[in-house]
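Each in structure tokens, the structures are laid out below.
Here chain A shows up in two complexes: once beside chain B, once beside chain C.
For the complex of A and B:
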């Protein structure tokens, strides 16, 4: 699957803005991302599997709130950093 | 060999290094590292002059820890940053680390050990120089820990800070929780007891609570570890162990200044000498220099008396805020003293506070200053 990486996380992906990752669920996809790019998951997802306050995850342009969603391998994932103010 | 000094400046938008020689008269400001990242604490290793550990996060991203083995030239991220255990299904009070607020080196006899204090309140330990971290269960799962939750709501989040290891006893530790109080462990963190007797908690409904106090900064004298000082939300205190009652030495400050502030710094060789940076703690708590006239206050008699030190600082219309990690000293003779402001200025005195000069301006809001001294 194609995963779009926002700039704050590209230090983990060797500056790639798009990566290919497999997974049969969002949870599995994030685990595989962390295997390829160690440390990236914890910056997005806390230790209780909560999506961090200023991170938004989209599957095929629909925002998801939990990591349980199943994937069939054809989806496109967007990771968005959402922060306002100085 | 020439003596070198590095002043690490942790800010809301990155890390900066001010470097100087042993004279400390001329300083060079580095480019920003971690630009845009919040650097809550920078801690050089007194056991190894090359090592530094920092607690950081980015605006969008979760908290992490970086460590350097070359005095801040290059950094490596922790592979397992401080994190609470994953809660069991259905557990309602699951905690997630929001900030790694405090970093402390372990005892000299344990050269790879470090401690981290977090928000929400948590104590974590690393036994491999900051590469991996694990919870200190004795604190995080203490039966009294749930009581701390009632004191949450402070502007910067409730956090663990001032993690102190007694240089004479590696098992003897202190820490502060804002808000929550000072706690002591005599078994390297397995068990903890409150240490707040004598300390005011004016904001609490109960007149003399056992916990719930708001220590802003707690320090131990490195050569006389029984001597503790505390800058609290409700005054300046001293304690000489084995006594277990804080004495309010801030009552000896000028009444028009008061004894509210964030940092407190001790002289490395004189347990009776300490500095504070008073702030306005009246009405809605501006947390700025009283009357817009910034000054450091020093005691040289353990808090019996205080003297104003403001030579070189602005004489009026200057509303400095100096946070708890943003004031520090070096080990030179005479001692150098440094503070950083929320307006991004770094001020230094190389004559123990008698006169001050500005080393850097226009930096981001300063969270932390720490000194590394070495010979090259």
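For the complex of A and C:
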């Protein structure tokens, strides 16, 4: 699946703005991302498995609230991070 | 309706030819009042295009002065403007571009005390700020005063734009209910930004503001536009109105305008033991054995560094602690003291006996001790 990475997290992905990651659920996708890019999951997900407040996850451009959502491998994932610069 | 004079008919002829604008639309622009918060990277192109387009009254809020480091992206200013008031110079530039319009100067810091009063004189608010504190204040004031918030934000190679609090659409807090914790999201002064990002997103903000005045097209209300300049992609995701939004939801917890403090910009707690630039110089001169640890990026090190420093970037520090002597007296530094504060916390958590943070980072060192160093 194509995952769009926001600028503040690109230090983990060698500055790539898009990466390919597999996963049969959002939880699985994030786990696989963390294997390839250690530490990136914790920047998005807190200790209670909640999505951090300044991060939003989108599957096929629709915002998701739970990490249990199943994926079939054809979706596009957007990770959105609050930006302050102007 | 404000009528157009002969000179204006010529000035705006390319607008008048558009069926979606015409004389009526141009007169609507002349009558419009738009407030731009922040005359920086985003505000520069926004102000210029709104002025060129003939928006009759443009207000500018900024309390800052032009700095040399602004000119890489804040195209409303020239080299001669350095150290001058941003509001004054931006208003003068817009007036020189279009003397037919009025510029209102608000040379103040936007606060919960003055925001609603300033907003009351305008139809549309453009958010071109560079910090979360003001972004939340702008959003909240727009919700309370029922005025559209034309939003833009940039960082490195990425930009975002939307229109919040427009008619029944979502507000910024519907997307991000509360500001991020300090240091969760770096700012442009820390992480950098490609200058042209400000131009592209600022122009999108100007476009959205003009569309709202003209009542044409579909606005970005309910959508977040994402611009990835590395992949050269424009994409958008839906922003649903959040019934639990703390300010525009069905049972809002925020009832009045308040200042929001997000201290990610610099001096934030929990602080570690720190040392000032003058104290550090004294200790170094006295022969006290110190390890100066530079935790900035290689790009920053290439600009300037304090002599005899050991460089380990903060992101690499957790994996390279073994390279440092845990008995050493360490003074960590970065640009302004935020990242080195984190480094000192990390060192102390891993059993290092003495680690201190250089207050104000290399910026203070350059200002107080060694003016020959390059600043950035």
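Note that in this section the second predicted complex is superposed on the first by the 82 of 86 C-alpha atoms of A that agree within 3 Å, B and C clash if a C-alpha of one lies under 4 Å from a C-alpha of the other, contacts with A are read in each partner's own complex, and residues count from 1 in each chain.
The rule we apply is simple: a contact is a pair of C-beta atoms (placed from the backbone, for glycine too) under 8 Å apart; a residue touches a chain by one contact, two chains touch by 3 or more.
All figures in this text were calculated on a predicted structure; none of them were measured in a lab.
Contact with chain B, but none with chain C, is seen for A:47 once the two complexes are overlaid on the shared chain. Look at A:62: by the touch rule set out above, it reaches chain C but stays clear of chain B.
Of the two partner chains placed by superposition, only chain C is touched by A:4; chain B is not. Within the superposed three-chain arrangement, the count of touched residues of chain A is higher for C, of the candidates chain B and chain C. Looking at the shared chain after the overlay, A:81 reaches both chain B and chain C.
In the overlay built on the shared chain, the residue A:22 is in contact with neither chain B nor chain C. When the two complexes are laid over each other on chain A, chain A has residues 6, 8, 52, 54, 81-83 in contact with both chain B and chain C. Residue ranges of chain C in contact with chain A, taken from their complex: 38, 40-43, 127-132, 135, 152-160, 175-181, 184-188, 191, 193, 198, 224, 226, 228, 230-231, 233, 235-240, 264, 315.
Within the complex formed with chain C, the residues of chain A that make contact are 4, 6-8, 10-11, 15, 17-18, 52-54, 56, 58, 61-63, 78, 80-86.
Residues 58-62, 64, 77-79, 81, 83-87, 94-97 of chain B are the ones touching chain A in the complex. Across the interface of their complex, chain B is touched by residues 6, 8-9, 38-39, 42-50, 52, 54-55, 81-83 of chain A.
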